[in-house]
């Protein structure tokens, strides 16, 4: 073996590589975005991750677009007419819209897409949006008539994610197996190159019918490691990052080239502390195991635990303060639907102790743990969370000590997400779970989670059952007057808040950051933070 | 990273002369330092060994004062070695031919590749191996053939001296005889000087011109072969001869020397043979005997010779 | 002419004292033992050594999170605002427990399979070693994932998982040692006088395989500690047990490096390096003590070759 | 002829092992709890009908094998059903057609995903392993040759240190150091969207992305190879034929090159092949730290998402690769050691 030659070769390679210049980015003005995720698939019929929807929002158009302030505007249609019975929507599709391959977008494409979403059994997640669809007709190229089975108040949010696909492509392929890497749409950006789990390279559509981007393209790069993502922004490898650990906020704020943006997320999400309160008579006959601790059926216990929970402490530790104390399952990022008139239960361990004492939950044997009033069993609760959560273990530790201080013991156990689903719902084989929801811009779904009817389906995680609440839900679902509906929804929130169905520790804020020396014009003035949204990407321009 | 152990003087006060064409037998029980002595001559002691004093004069040059590179030139070209146990002394992953040729190339005995090959074939033929078998590996040879190949290898560069370190151990008796005969023939034919290490006195009597008897790392007796066999002065030599079955005297009793040779790490303070000596005296235990010269060509270290 | 041969001295004494005598001459083994003992002492006296109790309930403010090292907190604070030094000291307990018990499982399985295969030979050996070969080529990780998914993440299960994937090397090693020992005269003699198999294994084979097993154990402990950190990194470990691997995991998932809190990442990492290095040094050193082979090195460095005193 | 028989026997053993791994691979992942169709997905939009549709799509509605309906929870089933209608048969027949199932996560064929990632991993592992082996062996030989000298101690300590480093930990530290002080990229294998003027630029870009992961990898594996090589060379250097070679007047370099190396390579070959499995474990950590789009990252993601078809496919791929590597190592071994071929 000629050692010297090997060494020389290694050195040579290293030098050549190290000296090789950085990329010669010749594709015009391209924005580099860093994120920790990647679309699971570009076929939206089977996609789950928000990243897929972020890309779709740029490449496709739908009937409506959601603005940062929570309002909707028409996108592919000029006008909409609603029949008096609230069942028939007639949309006039704009003229001159073309797909990226040059074919025109007509009402037929819209009708094709809606039918596909409605009928395709292999599209498991979109059927909920087409639930009220009766018939979809396209009498001519510019008219779409949508008939519903019953009047609903939130047609905009139903149509928001039903992106319009080109019929001439999708009618030729198997809509489930199709990977859709070409991603022909009609949005302001078109797909240039896609490497799963590596990057998505989009190119600007220069003569878009609504608004053309000022930049020439955008590249979303995937960083598996959050620290690497932050480092990429710091070293200028990317111009903007859509997410980051909250711990990085302070350091990035110190960097004069970087601006950190914090605010409510565009896609509402909520973290919840779930109490198993299913009543024996509501236990699902097929799947139910229903082993919840009996004390959790008592509102006083749940209320006392609520008073024993120092939400600010949790927010400080888990989110570094970048969040707001939560009230109910309807987060503040749902805007007008969020009932901000409710006053949260104060953190007051003394009050919590008194409540438990008065209700007869006393520590009779002096082991520091209270027992049931009849002395049958101690207040020892199993607490589980999904093992892939990074914040839940910290929250569990905090709850363990906070609740321990009022004589309620918790046994902490992380569980594989599958195993957690198995004990959760509809089997109700748990006491307390730390989990969460992601939501549509409409509160409808989150409200349905607490319905009695949802106990056997597995959507109800608490087993909560309240006929008054159920009645209000049915009422709001058909209330077409927006303000009246909001009133009903506020009332529903008040009920579940007073019944202490959940403890909502916090509503987390979105944290994003961009380099000020690269692009300017970012929309940071809206109610919500979403730098990757078209609202920003269409208006930013390079720093001169 | 083992810390230093105890230094053991494996060899002390050894001295002998080897003339051209002479066969010198080196005799002694196992563990008396014969192999160490041979390795010292070529400066091949393992890492744990060191030569502390003395000189090895070869054609007027002191081998111990040569640089490592000069020494490498001397090895095999002038002094070659036949190791005991040819199986281990041959590299299992190279062909016999390559291993012989390697030495030839190293010392530029012949230049051309073709000539090297011819020389290898010639050598193998000389030791009675079919030259076609030079492309085979050691494990394909029988024990005797391996030893023959070793001999061929030792002769590759026409050395002046060949050190044969117990070349016949681990071979069966018939093969031993063949190998010895081959050695004797070649020695005569090529006029080699041979250092013949063995513990077989019969072989010594048959092959050697002079004999060095070693005990416990020192010279016990050094003389020509006749003197050693007919007038041994050192009690150890005498005992060795008594232990050796003499075919001419079939009635003689076989006597073995009681006890074991000393361990080099635990040498007795006086004469090293004292614990086993039938003639042991008081001073033998205290005082190391010097080398006496009963006659000008005869050396022996024993207190008995004083007077 | 005179030459010296340095030999290992004093003559190979048997028993612990003899072993200790050789052992303490081996710097590597001594350093390794020292490092390991330090770690064990740290674990044993954690409550005395740690300046704070990592489980104590304290009100944490945002300033506490990833607070820089200070006089009160020598190694700063972590993402939950807790003293890193204290967690580090307590964390040594879990890492040692995992390392020790997981390697016990591995050694037990590997030892039994190795001895049984080596001792009984024939079909038993064939079957067991083929099984070992198969297990040797099966990648550990998917197996681990499945087992972790089947069981709840807990300290016990992590030990179990690490233990049962790490025995193959031991089995092979022990088998070849058993094969060598089996042919020794006293084993044959014991068999000749009619000693039972179990008796022979217990009184003749085991004592001779044991030294090798001890070396192997030390090395496997270090592997187990590394494996625990890998499992933590993959999110397959139990987040409620405070191990160095978990500290690293939290440092990763909660952006310690982005926050500039290098101390949170570096401390447990160095702890793992310390412990693993200590075990490896000890293992390597023990191996040298039990199996010296430098004595016959034929190419050893030149200067000693000819060393003549001046004036000779 | 003998040699041929040896090869044949080894081949048969490899095939048997592969079959065993395929069976294990199938049943292992059937023992898992929960509903695979919902694995990693807690999507409110998923209705019961939709779950059933997914189960039909992935063939999970069929019995596992004759007599067994499902393994977790264990339910015995009908023994007299058509074996062609069991999951096991479908799995095996798909496998024979080169299909490894469909990823729960990305809805793409697992074979396609793995094929894309495999080459990147081979590139990374290949470069790093060659570096680690060459450097490790060189250091190992040097240390063994200079045994008990400062060179030996330094190399030994360095290798033991390298061996003791948690891979991902070293990776993240190198990532910060490399990106801050050398300006090296922190993720991926190329700069996306870059237009390369020359092929050379493209290679240079790839090279820049390779440096940090390769460095991490090399350091982690270097130590082990060095230790093994050192020990193997030490063994060889105490053999008699080394003494013969030295007596022949060969220089130290010649002895190391011609006599020590090939013999010391024998244990190395076995270890390198067996190491392939550990290599993949290392790849998982390094690729996820440096977002290298390889097999390791795919496995890491699949672990996080409990994407069992991908895990299953990767498991099979790695196992087969290790078996293959061992087979090659065995054959190479017999090439290196003539004793095996002919005895």
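Letters A, B, C and D name the chains as they come in the text, with residue numbers starting at 1 for each one.
Please note the rule applied: contacts are C-beta pairs under 8 Å (C-beta built on N, C-alpha and C of every residue); 3 or more make two chains touch, one makes a residue touch a chain.
For clarity, every value in this text was computed on a predicted model and none was experimentally measured.
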Contact-pair count is greater, between A-C and C-D, for C-D
Tell me, please, which chain's centre (mean of its C-alpha atoms) is farthest from the centre of subunit D?
B
In whole angstrom, the CA-centroid distance of subunit C from subunit D equals 23
Counting only Cα atoms for the centres, state how far subunit B is from subunit C in Å.
48
Between subunit A and subunit C, what is the gap in Å from one C-alpha centre to the other?
45
Subunit A-subunit B separation of Cα centroids, rounded to whole Å:
88
Residues of subunit B that touch at least two other chains are 1-2, 44, 46-47
Subunit A, residues touching no fewer than two other chains:
225, 227, 231, 388, 416, 418-419
So which bits of subunit D are touching at least two other chains?
32-33, 147-148, 172, 176, 238-239, 243, 246, 300, 304, 306
Touching residues of subunit B toward subunit D in the complex: what are they?
1-2, 39, 42, 44, 46-47, 69, 72-77, 80-81, 83, 85, 88-94, 99, 102-103, 106-107, 137, 139-140, 153
Residue ranges of subunit A touching subunit C (in the complex, touch as defined):
225-227, 230-231, 244-248, 250-252, 313, 316-317, 320-321, 387-388, 390-391, 393-394, 396-397, 401, 404-405, 412-416, 418-419
Within the complex, subunit D is touched by subunit A residues 1, 3, 6, 10, 13-14, 16-27, 30, 32, 40-41, 43, 46, 48, 121-122, 124-128, 176-177, 179, 192-193, 195-199, 201, 217, 219, 221-225, 227-229, 231-232, 235, 237, 388, 416-419, 421-422, 435, 437, 445, 449, 457, 459
Can you list the residues on subunit D that touch subunit B in the complex?
147-148, 153, 238-241, 243-251, 254, 258-259, 262-263, 336-339, 342-343
Which subunit C residues qualify as touching subunit D in the complex?
28, 133-134, 136-143, 145-146, 149-150, 222, 226, 229-230, 233-236, 248, 252, 257, 265-266, 269, 272-273, 276-277, 280-281, 284, 293-301
